[in-house]
Structure formats: structure tokens, C-alpha cells
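Here subunit A shows up in two complexes: once beside subunit B, once beside subunit C.
And then the complex of A and B:
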């Protein structure tokens, strides 16, 4: 819930953070990465900084510590932390202020903590006063809900889980009682359950310490949940800024609206019920078990996918969802049980399957930045797999490329480009074009939107929906429950290698039977979108007109 | 070419879509941006030109006796004569061709073999990887020059043998570097994507992996070329290369080193040529490797 504290009550001191006209340029091109940004954050409040990749939000976050990435430079403006002007100080003064005046929590705790240092050493390093340091370390650990005994302090970072690591990073940031804390997507790599814990910790810590927070994120739902005020960044500028409740209910800038519309909403209200007609499934998985060496990661997996249906495989990291999808496509070989595709058992290795089987089951990878060979043109990226799967020479290569690109909503001229000339979303479209060029019957999508911005994600989902309408069967692997409710007809919820719940999306999400499903729904950040309906859901909503825009909000099933 | 219709189509729909981002400059263009590469190219080109076209412009043949031995200057021989009275300048112009040929073929052979082994080992892993890399380790245990001398003293000095021996000793070093580069590529999804549709393994190695290891490959080639030049010259000096009376820079140094105080040119010219060539090749390689560090950062996020 976004707290809408509207009272303009301010403590006697000035705002904890006050920046004015900050401009950062890149060298040597002198392009302004962020231009003329002015913001202020009072004590105890959190400002959410939202924007897509490349909008300059991380650059701004680092500028708040008077730090610049290589080949960038702050050229104008002032940054005041409390009463100190950060940009006017010498290097030594700025250094003294970091950790005490302003602290930073990076995106990946695993790479932010020094793997060679015990937690005790690591936490004390961040503390300037040496008297009573041990007591302060224990105190701050208790505050982030971690054990404070010696055994825990003697641990190394790799002995902690991702959520614990991130809480240690939070403890490190708060240990010096800073006036301002900059959080750069601190929950991006975490599961929703862990994310909920970490967010709660951040919220209570800023309240207790009266610390101002700047929370950088691309995830609108998280920011709406956490921040008192939201600033939307676009191309290096803050295009809109206001209290969270106001921004979400009545956005003024077109870009904010566009951003809000793209966010998938978690619908627990029944959704669309798939037609009851019995379709012959194109893929049937029965009693599948898979593992690595002696470790078994999947047990008793039963799934069916029918033509024109989208089955979502929902699970957190480590639940085995990628292993399952890779087993189906023949990239993971160590599995047992039935994997029947169109009446025939699939061999474990893709190399032992028939060309026809390989053509009809296509796989799209999570990271479009790695899935395309950087040395090939888009044209060859599409044509070479096509030629391989259809056997030999292609009669009309130009039309194959043009058709595939068109179905993936890309201009035909993109065929001459190299992957590095494409944006992330365009790359993923090329991956899709490559997969659908051979007219497959089953498309396996492994977290294909997780590396992309929300607005791009919305476009990709729309594209998949069109493919589905053409009769393609989809197996959609994801960790995003809101996305599931927007694209899939059936959902299988995977927890520690087992399917704990399986059924039509509407039924499962509105009336979850398993405790894990309920926790998953409860931990997903609430996001109320009250200004207009999201076009992402219009196609579904059209069927059920009685639902109004307000329905978009989710209710905690408590 | 089939590209023509696509081009015209893009011209027709051109204004409607955003202009393509320009590609990043390639390895060669980036390397050319460094001053050191330009110096290297000039130095190397000078020596290569001398070696290639020297015989056509030389005042005498390499074996003609033109004056008394060890004179520092005579009519028609600006750098004097060697220990038999042959023209030093002419022998210098003749002496580079074979050396360059041997060094280049040895470097090419070694890099090629090493690349094949490196890619196969890095991609197939398992027992094949172990077999290739452990064999490599055994080969690496022999110092390049000692191994060459040992085998040459058994079989006798032969031009093809020089190429094979130097090539084989280069091979494990190249294989290590290329295997390392391959391991990074194999982790990426586009290789998995080719496997998922059952593209034959050799095709994956040639089409997906090889084009992505070209940067370290070029650096290795330059490095191996530099070492080859040195080793071939040393073998010549030790009498394991070309045999008298043929002209060869290494041989010239050996033949005339006794009279270095009397007739320094006969030693100085070949020494300078080998030195300049090695420095030049090294500078080019250095430029290439600096450029490839910038390019081969992998995938940007």
C-alpha cells in the first residue's frame, strides 16, 4: 500500500537530501546523461526513482554519492546532504561523508560483499567510530532481523542466502547512521518472498533512523508499495514527480501513463476460464524426474499443453523450472519419465530426435543479449536454423526472413542488421522470429521478458498472445505471478522441484489451495492502478465487461 | 547477390523506421587508432618489402664474389664484403625471403592446429578435453628451442622440419588461449540454441564459436609470428637453418661474427633487420590485443 501522508510536516532541519540542477555528462561525446535534475527528500521518507534502462537513474543514484562511473562527470548543480554541499567538498571530505552522510546499497549483494572477509570484519569496516563498534554491529544486525551471535558474525558472505546477503548490505549501509541512503534495485535478484522481507526491513529502518531513502527501480509495483513519493525518469530527466497515491491515480505526463499501462497486474478475480472443450494435448509430460549427477531437482512432474493454450510454469529461482523446460527441448539430458510430443516419446538429447520433432518444438532463451550470435546478421540468424530444420536449400530466403520478422512485428529491413544494432526488446523479437520461422507447434519461453523493461515486456506478451491465437501452444516459464495472470490459461506452480498446484489460472489464483501459492500471492507487491485500464488486459477484459477499471487492484487474500 | 532486393525494400520503407545504430568499429579499425600499431605496420612493411623484393633490386647475386673478404666498402658494394668476399648488401637483400616464409608458415600452422584443438577441447569438454590439454601440458614441458635443436640434430636440417617443429611447439600455447576464449562463448545461449535444433557439432564450432574467438586468434597469430621469426633466425645462426652458400640472415650473423670489429656491416644489417621486424610485429600484436580487450568484453548489459 502506498502511504499517502499528505501533511507537509517537516522537521526543524532542512530536507535530508536537496539536489538542484544536477547534470552529468559522458566523455568524450559530452552527451548529457542526466540533465538539470532537482529533487529533495525529507527525513524518514522514501523517494522512488522509476525509469527504464538507460533513463539515467543509476547515474543519478551514484551522483548522490558524488561518484561518477568511468568517463562521466558531474558538470553542474549542487547536492546537499543535510547541511553539507557534497560537490563543493574536497575528495577527502566527500570520502568522510560516504557511509556517514550517505550510504549506498547496490543491486547485487553477492558481488557487493567481499567474499574473503568475515561478516564481523566487513560490518566494522563500514563503521567509523571505533568505540563500542562490536555493540553497534550487533545492534544493527538485530534491526535487520539477522542473528547477532558470534557464530553468525564469523560467517563468510557465501554462507548466506541471497536475502540474508542483501540484509547484511542494508545493515552495512545503516551502521553509520547516514542521513541519506541510496538503494539501487536492491531486490531485483531476489524471490518475491525474500523481496517482501527485504522491503519491510528497508521501510522500518528508514522510519526508525529518520533516514531519507532514494529507491531506484524499474519495478513500478515495488516502488508503489514502498515509496512515499515517486519520480519518473525518462531520457535523463525527471518528467513527473509527486506523492505515490497521486501519481498512480492521476498521472499527468504521457510517459508515466505509458509506463503504468505496461505493468502487468496481478488478477486474482477469477480471470478468464478456458473453454471446457477437450483438446488433444500436443505435449504430455508424465512422472518426469530430472537431476544433475546424484541430485534430483524435479520429481513427479505432470503437465499437458494443448494447441492454442498457454501453460505457465511459475516458480522461484532454484525451483527447477529451467531444468524442466530444457529437458523438454532436449538441452538437459538427465531425466526420466514420459515426455510425449504429438504421440511420440521425445529422446533426452535433441540430437537423437527427428528433424521434424526439433522443428516443431522451439525454445526462446531468457537473455536476448546472449541468445544471438553477435557475428551474424539478423537475416542469417533466422535463415540458418530454418535451412537446417527444413533440410537443405531454402527456395525463397527473402520471403522467409520477411515473414518471420513481420510476425515478430519487426520491419523487414532489420534483416541486414547485426544484434549489437538492436535494443533488448528488438533482440528478443529476433529470437522469437527465429523460433517461429519454422512454424513450430510448441514454443517454450524461458523467462523471456525478465531481462526487458516493462513496456517492452507488454509488447512481447501481446506478440505471444497473437501467436497463441494462431493456434500455437506455449509453455511460459516465469517467476512473475502477475504476468501469469495476464497471459496463461493454465498454471503449474513449481516449488522445490514439485508441482504443488496445477489448474486453470483463474481458479488457482482466486482460490489458491496450497499454502505456498497463497504465500506467493500475498508477497507480491500490491499495485493499485486506478486511473485507467491497462491495455494489457483489455483483450481479456473485453469478455467480462462487468469488471471495471478498479478491479485492477489486488486484494491480499487474508 | 540475394541482398539486392532487401536493400531496395529498405530504401522504400526507409524513412518510416528508426535509423540503425552504427556498428562498433571492428578489431582492425580500433587497433589502427593506436599510434603503436601504425609504427609497427611501417616497420614490418619495410622489412617485408626488403625481404620480398630485395633479390630483384640487388646489385649482385648472393653468391657472386665481388671483392676481397672483409672490406668495409668497395665499388658497387656500399656495405662491403663478407668473409668470402661476397657483397654484404646483396646477401642481405636475398637473405630475408626464406626466413619470412619459414616463420610465417610455422606461425600459421601452429595457430591453425592450436585453434582447432582449443575449440574442440573447450566445446566438447570431458575426456577429450583432458586428453588434448594434458598432451598439451607434456608438449609445453619442452623448451621450444631445445626441442627444435634436439630433433633437428637427429633428422638433420630441413626447411619443412623447421616449420613442423616450430608449429608443433606453438600449438599447445595457442590451444590454451583459444580454449579459454571458447569456454566463455560456449556458456552463451546462442550455442545452446543451435544445439536445441540439432545443428551438427562441427558446424556449431565453425559457425557459432570460431567467428567469436577471432580477436584472441589474431593476437595469438601475431605473437606466434614474432616468436617464429626469432626462432628461425636463431636456428639459422646455429647452423640448423639454411646451409651455406645460401643467403640467410641468421647464417650471415654466424658467418661474419668473428670479424665484427673489422667489418661490422656484415653482422649489423641482418641483426637490425630481425630486430626491426620483431619489434614491428610486436607493436602490431600489442595494438590488436589492446583493441580486443575493448571489444571482447562479451555481452553488454
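And then the complex of A and C:
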């Protein structure tokens, strides 16, 4: 299988990974999941592999360890780790190379660490030479900035935080000093501060060991920060590949441009200033305190949302932002304080609110894969709450469904589909359609883009902006600060149950007063620094500004 | 964790109390005269009076129950009508025989079922897996006495004649006659195993698809280690409840099997007692079976809790 190209690579630079024409097909349909991919990564370098879900990037990542998910198969190509061809080897040879030649860092360490085994067992078994295994385990734990004492090694995965779990997964991958490391979206489930720590760890580890890395992600911003070279995958093929700086400043393939455009940029330069005129708020929260049993989660929460405004609730996991939004909508009723909606006090439990109040406050859930009943058609999903909240019979169900779908930018024909026939982005649109079908005045969006790709996220944000222009009030819960600067007029920054900073987005982000806000901004990947100044992006921004100016002129004559 | 166990134990006792109430009401406190119902055609005025006295039928129902329960707490279930022995004395050797039978079935059946289920899961969608699925489905749908009869037909009659069709026993404990135990134990194993096999297969398939098993494979661990260390312990957790249900079922399941093989245990004693309308004996056996049921479930709960590191660690 050895061709002249692989020899060339070896002569100029020792390639840690060299793959040629790798094709993976699915059984029994024989569809090519990835087709004819050729890449090489030199030692000590990181290749960013970017693409949306379904582009085959995880399939490729697993193929690098000669592993195939169920019902898939590598049918062609060669994968060389150092000088060994992985696909030509026997099962035993492949096994010997895993962990030592090539290691894998999974997307969600919470499910990739065995819940029933202590960290000691899981770390040690990754090491084959047993001479000084204990010492090596401690060494690698220190390198990822985790405690190396016995008490820590005796812990189970559930006793660690998400960031610690991911660092254990990193330690587990580096423990055998591999030549190549495959990282499959290792920071997706983490908040920005933890993500910044984990990325720094990965960077320093690859430098220390001279390990080559393949970093898989759908988020251009993270990759731009970390990778030396970037390959863009689309529908199972690498459509563009080049040094990071070149790819960001002068992308060639239209899909690459689309991906770059989708990344929300953190605007710290003032941003949109909300209109000065005082509007009557539709929702006023005063002195809200909430908790679970005896544990207090939220304290002294004051928030106001006016019609046509978007208030972002920004905080990391565990800050209480979901508890707050659930309290407002009446799903969580162990709270005290005032929630006033349109002049009337709302009862804590949604059961005690009137149908009219419930109709006017709608909620969109974080995960569209779990928020839709898989046995109902889209049409019924939209009509059921509508019929219930507007009191009985629906005069013209077809037009209700069609209007709702249209406002969520979906074709009316989607009404006949089942959720499983929709993509993640389309599912979330259906959730939005279901919420806006009842014509609410306040929409609470709980991390509604966090389960979606960056490119889909941009479309959803655009959709929300249009709703907002129609006068709907939004409470947008998120952990993504860049997203806040793109959609909201006001931001409330939530840290361990308290609002530490509250004000217009432009003011808060350009001149943060609280140190927590400053830390959040500092930890967000500096995508703007590498990309925002590029000629391509400047032209996009200019076009966007023009566009919004025209739109604003026509839409708001008053 | 101690707290959880005490909690479960408490609920076990409450259940047992409820069972005792139902047993008492169903056997002794039904409308009409229990004594003449029991004696039927054998009723003579003297025997009726004697029986009424023994069962405290002259007292109000609540008092009858109280007296009966207090006596039961000291293992005094009265005297068996049919044999004339005190019930406790009569049942003790039979209980130990039944427990032996159940223990053999459990010790052989559970590991076998777990292994078969895992094996089936590891060969998912292949011939072995399909065959196992079919056979367990068929066996699960057959009542245990049918299985027993088929086994007798195959192994005890005709040209095979390997094992005796009934348990003749002898003077020693039951385990001293392994040849005679084979068929009853085998029948119970076949009756108990199918749900465990199917559950273990489903659970194992889920675990084998999990990311931590994939991660273990990607670490380069040998398949044997992946299965033994990573997959199996996590797969058994959800199956524990099914095992408990099945083993608890054994307590009731032995009744038909013991009757079929004439095995001298509590099941056979219960059948004979029902024939003879031997009320004290029936009450005692039913309470015993309920007790075994509750204890086995409690044990399964404790094992399940202890196997879950989250519960175990948080209890420290």
C-alpha cells in the first residue's frame, strides 16, 4: 500500500499521521460516510478538522484508531501512524498501537469514563508497561493540573466536575506518550472558563510531548485558536485545507465562508444601544429567591423585560439560570419574591395561572431532540398546546400550523412530518413554531442553540431577531457571551445564584465592572483577533450593516 | 446507605404485616362459620367446639387476629389438624428441603443466565443470538409444570431413564441424593432463567454501545478486559432487580414443582394442607413464602445499592 507520496512526506518532515484515500461506508446501505480522504499531520502540530454534524468528522476521527462504529466499515485507503500501517495490521497489532501510537479524547468525558471504576484503575490500565505505572499516573495528573494524591485516585468519575473529568480524559490519552492524539470536540459540554483551561492544557501537552493532534470541532472559533492547519469537512469530503491564518483570512470554498460567517463574534466595541425611550416592561421580577428543598439556588433576582427587547441571562453551568427561567414560566414553584407579568402577579405554579397567562408566556427547551414527542406529527405538536390554551376548538387548524411554521421559517408541508424526519436545527424551529403559535408576548429561550451546530445556531438567532422586531419580548438564557452580544439589548450576568452585573449589552461588554464579567470575556476564544480583521470579514460586516440599515428604515417608520 | 437499608427493611416489615392480615382474613375471618367450613362433613358438635376454641372464633375478629399474630411472632402457628404436630415442628425440615432446592436452582441458574445473556449480546444479530432469543421466548411462555413434565418424559421414561421422575429421598438431607435432585432443579432453572437471559442481553447490548466501552477499546485494552472489567459490572446493575424478582418467584414456583416431583418441601406441604383444609398449616406456609419473597427482594436492593458507587460513596 506504500506509495511514493508517503515517502515524500517522510523525507521532508517526520509525519506522525499520514492517511491516504480513506473511505468508510455504512452497512447495509453501502452509503459512503467519508470518501477518499487524504491528510497528513507532522509531529508537534495540530490539525483542526471542522464541519457540521453529519459531515463525517467523528467517523474519520475514529477511523484514525482503526475503530468503526457499529454497521460501518473502512473499505479503502491506508492510515499510517509513524511508520506502521494501521489497516494492514492484525487485531492484536492494532490494539498494541492504540494508547501508545494513537490515543483518543472523547467528546463527553461524563459518558466516556466508566462510572463503576476508580480513576486509578482507569488511568493505570491505559499504561501497558507496568514498571513505574504508579509514578507515571501521578506525573501525568500533575501535568494536567489535577491533584495526584491517593484520595483523588480513589475517586469515581461522578465525584469530579465536568472540567476535571475532561482533564482526566486528557491525562488518560497522554499517559502512554502517543505519537498522535485525536480530540473529538473535547470542550463541547464545558463553559468558557473551563474550556479555556482545557484548551491551554491540550496546547501545552502537545508541545511537551511533540505529539501530533487532530482536533475535531464544529466551532471555527475554538479551532482557529488552537490549530496550525485547518481542514474543512463537508458531506464526507475535505473541501478545503490550509494553514489556519490563510484559511481564516482568505477562505476559498463557499462552505468555509459560510462556516466562518456563522460564528458569532464577541462585540466589545459598544454594539447596538437600546432605544432610550422608557418602555413599560411586560415582565418584572423583583427579589426572587428560589431553591430546591433547603438548598438556595437564586438570591435577590431583579429583572425587567420590555416588549421588543431581548434580555440575555448569561451564566455558567450551575449558576441557576435554568432555575430562574423555569421559575418565571411556572415549571419550578419553590420560589419567593414577585413575578409580575403585564401588571398582574403570576402564581408560582403554572397550574394556578390562567390559560391566558400561560398562553402569553412560552418556553423553548434546550434540547430539541428531547422536547418533541416522537410519536406525534409536527402539526399535532403545534396544534395541541394551541387548542388547549385558546380554549377548545380551533376554527382553522391548517392556517394556524402554516402561519406558525412560516414564522419559524419552515415550509408548511413539514406539518405532516414526524420529529425523527427532521434535522436538529429543524426540530428546534418546530419547537419555536410551537411556542409562537399561541402568539405569546414573552418567549423564554433556555440555551436553545447549545445542542446545535454553529451554522444552525446563526440561523436560529436570525429567526429570533425577526420575532423580536415584531414586538415579542425575549428572555434568552445562554452561556455563550459572543451570542449575547449578537442578539440581546440587555444582559444580566448570573454567578452562583446572584446577578453580578446588569445593564445594556454594549455598556456591560465594553466596560465590564465586575471581575467575573471580565474573566468571562477574557476566556472567550479570541476569534475576532484572528478573523474579524481579515478583509473577508470586514466586507461581510459592512454588507450586514448596510442590510440592517435598510431593513430598519423600512420596518420602523415611526 | 445504612439508612436506606433500614428504610427498605421497614417497608419489608410493613408488607409482611399486610400479607399476614390478608392471609388471616382470607382463611379464618370470612363470613360464616370457619369451623364448620373446615370440618365439612366430618363435623361433630364436639369437634366443632374444640376447633372454635383453638381458632378463638368466639372473640371479635380484631381480637382473633391479635392473638393469632402474637402467636405467629413467636413462631407458634398452632397445631396441624391433619398430622397433629405443632406447625413449626412439622414445617422446619420441609422448609430446609425447599431452601436447598431453591438455593441449587439460584446458584446454578443465575450465573448461567447472566453468561448466556452476555454471550448472546456479544454475538448480536448472529445465529447464536437469534437461537437464544427464540429458545428463551419459548421457554418463558411455558408454565413451569409443563417444562417439568416434558423433562420427565424425556429423561425418566422410554429408553433414556437417566433420572427418577419423583423425589423418593431417604433419611438424610436432600443434597445427599443428587441424582434425584437433577430434574426438579433443572426445571426450576429453566423456569427462572429466560427473563434474566433476555434482560442481561438487552442491558449488555446497551453497555457495549456505550462510550466508556468504546473508550476502553480505544485505549487498546484486550477484549477480555473490556468485557470483564468495563462492560459486565455495569450491565449487571439493571439486571439485579430482574434476578431478584425471579428468585423471589422461586418461593412460589416451588409449589407446583414440588407437587410434580413429590418433593418433601413447603410447597408440597401447602398442597397437602389445602387438600386437608389444614388452616394453621396454610397460614404458616403462605406467610413463609411471603417472607422469603420479601427477604430476597431486600437482599437484591442491598446488592444493587452496594454495586452503585454513587450510593456507596455518598453514604460514607
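In this section, the second predicted complex is superposed on the first by the 514 of 558 C-alpha atoms of A that agree within 3 Å, B and C clash if a C-alpha of one lies under 4 Å from a C-alpha of the other, contacts with A are read in each partner's own complex, and residues count from 1 in each chain.
To be clear about the criterion, a residue touches a chain if its C-beta (ideal position, glycine included) is under 8 Å from a C-beta of that chain, and two chains touch if they have at least 3 such contacts.
Values in this document were obtained by computation on a predicted structure and should not be read as measured data.
A.B. asks: Evaluate whether subunit B and subunit C can sit on subunit A together after superposition, giving fit or clash.
C.D. replies: fit
A.B. asks: Counting residues of subunit A touched by each partner, does subunit B or subunit C come out ahead?
C.D. replies: Subunit A has more residues touched by B than by the other partner.
A.B. asks: On the A-aligned overlay, A:96 touches which partner chain: subunit B = first, subunit C = second, or both, or neither?
C.D. replies: After superposition on chain A, A:96 lies in contact with subunit C alone.
A.B. asks: After lining up the shared chain so the two structures overlap, which partner does A:70 touch, if you call subunit B first and subunit C second: first, second, both or neither?
C.D. replies: After superposing on A, A:70 lies in contact with subunit C but is clear of subunit B.
A.B. asks: Should A:108 be classified as contacting the first partner (subunit B), the second (subunit C), both, or neither?
C.D. replies: In the superposition, A:108 touches subunit C alone.
A.B. asks: Could you say whether A:172 touches subunit B, subunit C, both of them, or neither, answering first, second, both or neither?
C.D. replies: In the superposition, A:172 contacts subunit C only.
A.B. asks: For the superposed three-chain arrangement, provide the angle subunit B-subunit A-subunit C between C-alpha centres, rounded in steps of 10 degrees.
C.D. replies: 30
A.B. asks: For A:128, using the defined touch cut-off, is the partner it touches subunit B, subunit C, both, or neither? Pick first, second, both or neither.
C.D. replies: second
A.B. asks: Report the closest approach of subunit B and subunit C over their C-alpha atoms in the superposed model, as a whole number of Å.
C.D. replies: Distance of closest C-alpha approach: 6 Å.
A.B. asks: With touch defined as at the start, can you tell me which subunit C residues reach subunit A in the complex?
C.D. replies: Listed in rising order, the residues are 209-212, 214-222, 225, 229-230, 233-234, 307, 309-310, 313.
A.B. asks: Give the list of subunit B residues in touch with subunit A in this complex.
C.D. replies: Contacts found on subunit B: 2-3, 5-7, 9-10, 13-14, 16-17, 20-24, 188-190, 192-199, 207-208, 211-212, 299-301.
A.B. asks: In their complex, what parts of subunit A are in touch with subunit C?
C.D. replies: Residues 62, 65, 67, 70, 95-100, 103-104, 106, 108, 111-117, 121, 125-126, 128, 156, 158-159, 169, 172.
A.B. asks: Using the touch definition up top, name the residues of subunit A that touch subunit B in the complex.
C.D. replies: 329-331, 350-351, 353, 355, 358-359, 362-363, 365-367, 369-376, 379, 384-385, 388-389, 397-398, 401-402, 411-413, 415-418, 420-422, 434
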